[in-house]
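In the two complexes below, chain A is the common chain; its partner is chain B in one and chain C in the other.
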Partner chain A sequence: MSDTVKLQDAANGRAPAPSRQILALGVIAVLAALLPLVASDYQLRFVAEILIVGAAVLSLDLLVGYGGLVSLGHATLFGGAAYAAAVASRSLGADLTLMVGIGTLTGMVMAFITGIVVMRTIALFFLILTLIVGQIFWEIAFHWRDVTGGADGMRGLPTLSLNLGVTKLDLSSSFALYVTAAVLAFAAWAVARSFVNAPIGRALIGTRERQLRMSALGYDIARIRMMALLASGAIAGAAGSLYPFVNQYIGPNSMQWTFSAMMVVMLVIGGVGSLYGAFIGTAVYLGIQTYISSYTDRWQLVVGLIFVLTVMIMPRGIVHGVGSLFGGKGKQ
Partner chain B sequence: MTMKDAITRRRLIAAGGATAFAGMLGAPLIAKAANGSLRIGMVTSLSGPFAGLGEAMRDGIVMALEEYGNEIAGRRIELIVEDDQAKPDEGVRKFRKLIGQDNVDIVSGVISSAVALAVRDVVTEAEALTFISAGSANALARDAASPLVFRPTKTNWMLGHTAGLWAAEKISKTGCLTIGADYAAGREYIGDFVETYTAQGGAVGQQLWAPLGTTDFGPLLTAIASVQPEFIYSFFAGSDAVRFLRQMKDYRLHEKVKVLGGGALFDQEDVIATVKDAALGGLNTCNQSPTAPASQAFSAAYLARRGVLPGEMGTAGYVTAQVIKAALERVGGDVAAKDQLKENLLALPVDTVFGPMSFDPRNNQAILDIYVNEITESADGPVNQVIHTYQGVQDPGPTA
Partner chain C sequence: MSFYLVQILNALSFSMLLMLTGLGLSVVLSLLNFVNLTHGSSFLLGAYVSIWWLGSGAPWWLAFPVAFLASALAGLVLERFPFRQFYTRTHLMQVLLTYGLSVIFADLMRWGFGAQIASPELPEILSGVIFVFDMPFPIYRLFIIVFGAVLALALWFVIDRTIWGAVVRACVTDRRFVETLGLDTKRIFTIVVAVAAGLGGLSGALGAGVLSAYPGLDEEQLILALIVVVVGGLGTFRGTVLSALLLGFTMTFTKVWIPEMSNVAALAIMALMLVIAPQGLVARKVRQV
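Now for the complex of A and B:
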């Protein structure tokens, strides 16, 4: 396969040859299974957090990487679902299926509301409108003290469990959280991938590349974007529903636009339009934030430098960039 | 440049990155190897809105540990400081890291009340010895109290309550207006002040609120000018406090209206060192004062070290070390004996630079002297001068 063809494929979001992909999945599955043997409780929980935030960043990739829609309100979908799950868990208990259901639904409803406002816009206007709608949701969470705890956030949540009919499985241990997050992350990736490869996903890429031609061909662009937003909201919501139970805490920062911006940075570092790059970018960002900050107060400078370097020397993200370091195939 | 060169350069980057990464992973392992030493973790805000406060807190604890020769009860002390950016989520992550990865024996720090509340469940579940240096949410002394969480600082109530007493007794029972930052801490300060003040027979007039991070207090100051209150009770912290006091002066209100506030409004290092004259004549109730008898020697040492008199956070960092020292010495450095340590710490008061500190056995909350400070001119510029001391103020605790 020549470089040009491969580039073309990646830009269209088409996956590499199936056999290679199965091999890659197999390797990841083995590594994922081995991790609990070597990692400490703290590290497992940290990886769980990376997988959960990564799934939300992956859902952002649907919009940014395939629809060309850069959103600054994505944390709202994630955090809103997290709040919904946390509030519901207080009266209904934290059953996994219920939480994920509530989160997914909340994510979709909020994406729908956002979509009504933004679906006819693109580029800068899309960016600003998602930011504004996101901030409105954030204000609600911030000021509705009786329900959300306001600036203090919510704590004292029940632990996550899974009702299997006959028995109830407690999911509060680091290991259980890790497994749950891993399953969620895989499901999120699989859903996003099938969305991208389905006709709707190809149409979404079409709206990004040739908006005018797509309209001329009879595609309803607003509707396609709305579908993408809903799919993205569903994934972000499902991920968000687990978030409060990893830290036993949820606060307004998880809905704020700065977190949205962080997600965009994670996505760019990992690689826009690759889906799985979202997890890498999240791991790099959170890793720096957690580990480098022990050595220097200026850890944000490191994040900034990595961001700039990523954009300059490997614009398609770390995964692709590192691959090309060794393979030499990433010639621009 | 040829393709071959490019690859070599890339390989270099890759190799460099891999080395750095390996070093990063390896570092904690090496640190773990040092035996016999005792590790104290501190989470404070080194970036974000409270960065200045966090640096002062870190310097405070470092200063104390240096005085102890980095050794307490015969054990070498290792301090690990982490940044929470004043964000609860980040605070939770950092506490987990300190406990789960760095295996610290004691966790401490925290400026933001929201962070203090957020980490409560994490440290409780891990049964970690915790000393909250400054996060002063009332709830931590009440329904969110936890057996191994000690709080060697005030609660918001202790400052709001004493301000209410002072105002009703010494200032006026009429003509009061309140203005506060519209977030959790501001609501608590103002609420507790109003409760005590009205219980003492005072009548509160207008109540104004400004969002956190307000840059222009103009509209609110015009409202104050038109009401012409006898005094105002106010709570702002950090840069909000600086802007509020400066604009009060710009509007020439600071000569006409007495300002009584929570300690943070007139923080010696964070606010007064910046606004200078605009703070003169102000009153505040605080658990810390650079002129308190207990703080004299510390204030001088701090001034020599940082070139400014200590504010609450620098002092809080120092006090945290003092309390940890007392706790450890009372169990001979055996930090694993948590119950014994708790029992011994609660049994006797600790002499700190805040003043004498004893702990409430119901909630591990410090019982403290609260100073009424007036900002007066001194050789070092405007300074918080103690004019009265409420001794042994105790939060109502779980019964409130």
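Now for the complex of A and C:
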């Protein structure tokens, strides 16, 4: 029963009245354009961070929402790309296209390595295996002090710029950073959406819903999942490449599994399987973290309570369409 | 030679801790098909309670039952609400709920017990060392090995050889059928969850003597326990014991041989096990249709 509903939803999601969607996009674009007029420098930088982390959470949604693959190693792709960009920027300078290129590539390579290892597992096994692989990457980054700075992380990075051939555009101001992040977020959403709507995305949903039937139909499940992982890694990597330049700092926490868990929390608060929900969840989480923590030390308590309440009260509304994420095992 | 004997004893004591923590998780997973990520919180709670008890001057040996009871009580309350509502949900929802709860508990414990590292004042009989072929070995670790082995044996005996264990195992196979026999399975579930949480607390109390207690220990232990349970094969007693030994020995010996990269090596070995046996070392037979 719920499966049919989900498939219909997915089918509806393909083209829910184009005119309304264009309207929604237009409203968002206008709001995004108006924001710099009212927001302070600090707030703009904060929104940029939300957009960047949100893009990474969105890439996680590809796996969780459409593939039914809950990963606890996603921060590794994001943080790994961030480290790669930060390390490269020291010797090559922080050119935007170069950074995003390096980040995307790093994200994909790490996703590929992860993919080879986790390919045969699903459900809880997938969860733990991605966690283990992620922690291995984290340990390497943590102990490789000469390159990554170890526990201290990396500071004093060059500021972000964009080489236009004739002139060099400085992107270090909050406004420029905000625009860059907004462009990246939109691109990430567009790429993820076209992936989901392409045949490969449909097939991915198929592997989530009926794995056995899909392989009986001749689909190569491992290949489909690998493609999803690569797409997800590319987006997470592109987002990660900008992350060090928000605060001119990158630390090992950005690769740790707790950050992966945070991403899952953001995704669930926002809504799984909707793509744009990732940005909402990220905004809620980071908003609580930033603003409540200035009032009380107990902000983690608040985040935990909100998260638990979301899971308990709105499991259908917010986590719409993930009923049988774990192969329906819990349903029996 | 004696150096390696001491290392083997070290590995054994660490494996015992892993096994006890893992068993609590494993029992709940096999009986209720419920993933309880608050198990790390039970561990930390047990550790804090035992440290507090040992510092209070009361008879030291009572610290372990008290830690068990404290965590079991917390488990009992949690089982009533909200675990019970989530038994029929997917693993993902259970993971999310219990992870959220563990975040809350972590912050509450940081609030209540402070953020600094707390170590227990061990009683005289457990502190100090004995000499194994001229190599000093802490008595406390020996105590962990013996205590853990006895407890695991007792648990195995109860589950495998007594009528209560038979009832629990019957619930795993067919809950409805057990109910037609006039047994209240809800109550059985409550007891199992409480005992499992108590086991978590007990391993925390035992582990506090070696690991101390500090914010973040709950997550560390939870991850290790999860790895043990998953690599062992979900909810199988033998698998959990096997993989606890495997993880304990690899982590101890990689620390001896390659201290810088010990965690990487140990994690890589566990990952390799999962790649070779994606369903765990001891897989439950599941019909796939």
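In this section, the second predicted complex is superposed on the first by the 301 of 332 C-alpha atoms of A that agree within 3 Å, B and C clash if a C-alpha of one lies under 4 Å from a C-alpha of the other, contacts with A are read in each partner's own complex, and residues count from 1 in each chain.
Simple rule for what comes next: contacts are C-beta pairs under 8 Å (C-beta built on N, C-alpha and C of every residue); 3 or more make two chains touch, one makes a residue touch a chain.
Computed from a predicted model, the values in this text were never measured in an experiment.
> Looking at A:300, would you say it contacts chain B, chain C, both, or neither? Reply first, second, both or neither.
It touches chain B and chain C both.
> Which chain, chain B or chain C, ends up touching more residues of chain A in the combined arrangement?
Comparing chain B with chain C, the partner touching more chain A residues is C.
> Quick check for you: in the superposed arrangement, does A:204 touch first (chain B), second (chain C), both or neither?
The answer is neither, since A:204 touches no partner chain.
> Using the touch definition from the top, say if A:269 reaches chain B (first), chain C (second), both or neither.
In the superposition, A:269 contacts neither chain B nor chain C.
> Once the shared chain is lined up, is A:128 touching chain B (first), chain C (second), both, or neither of them?
Touch status of A:128: second partner only.
> Could you say whether A:254 touches chain B, chain C, both of them, or neither, answering first, second, both or neither?
A:254 sits against chain B, while chain C stays out of touch.
> What part of chain A is shared between its chain B contacts and its chain C contacts?
Touching chain B in the first complex and chain C in the second, residues 300, 322, 324-326, 328, 331 of chain A appear in both lists.
> Can you list the chain C residues touching chain A in their complex?
33, 35, 82, 85, 88-97, 99-101, 103-104, 106-108, 111, 219, 223, 226-227, 230-231, 234, 260-261, 263-264, 267-268, 270-271, 274-275, 278-280, 288-289
> Enumerate the contact residues on chain A facing chain C in the complex.
It comes out as residues 70, 117, 120-121, 123-125, 127-129, 131-133, 135-136, 139-140, 143, 212, 257-258, 261, 264-265, 268, 298, 300-301, 303-305, 307-308, 311-312, 315, 319, 322-326, 328-332.
> Please name which positions on chain B make contact with chain A in the complex.
3, 7, 10-11, 13-14, 24, 46-47, 80, 82-83, 87-90, 92-94, 96-97, 99-101, 113-114, 117-122, 125, 137, 139, 144, 183-184
> Looking at the complex, which residues from chain A come into contact with chain B?
Residues of chain A touching chain B: 40-43, 45-46, 49, 150-153, 155-156, 247-249, 251, 253-254, 289-294, 297, 299-300, 313, 322, 324-326, 328, 331.
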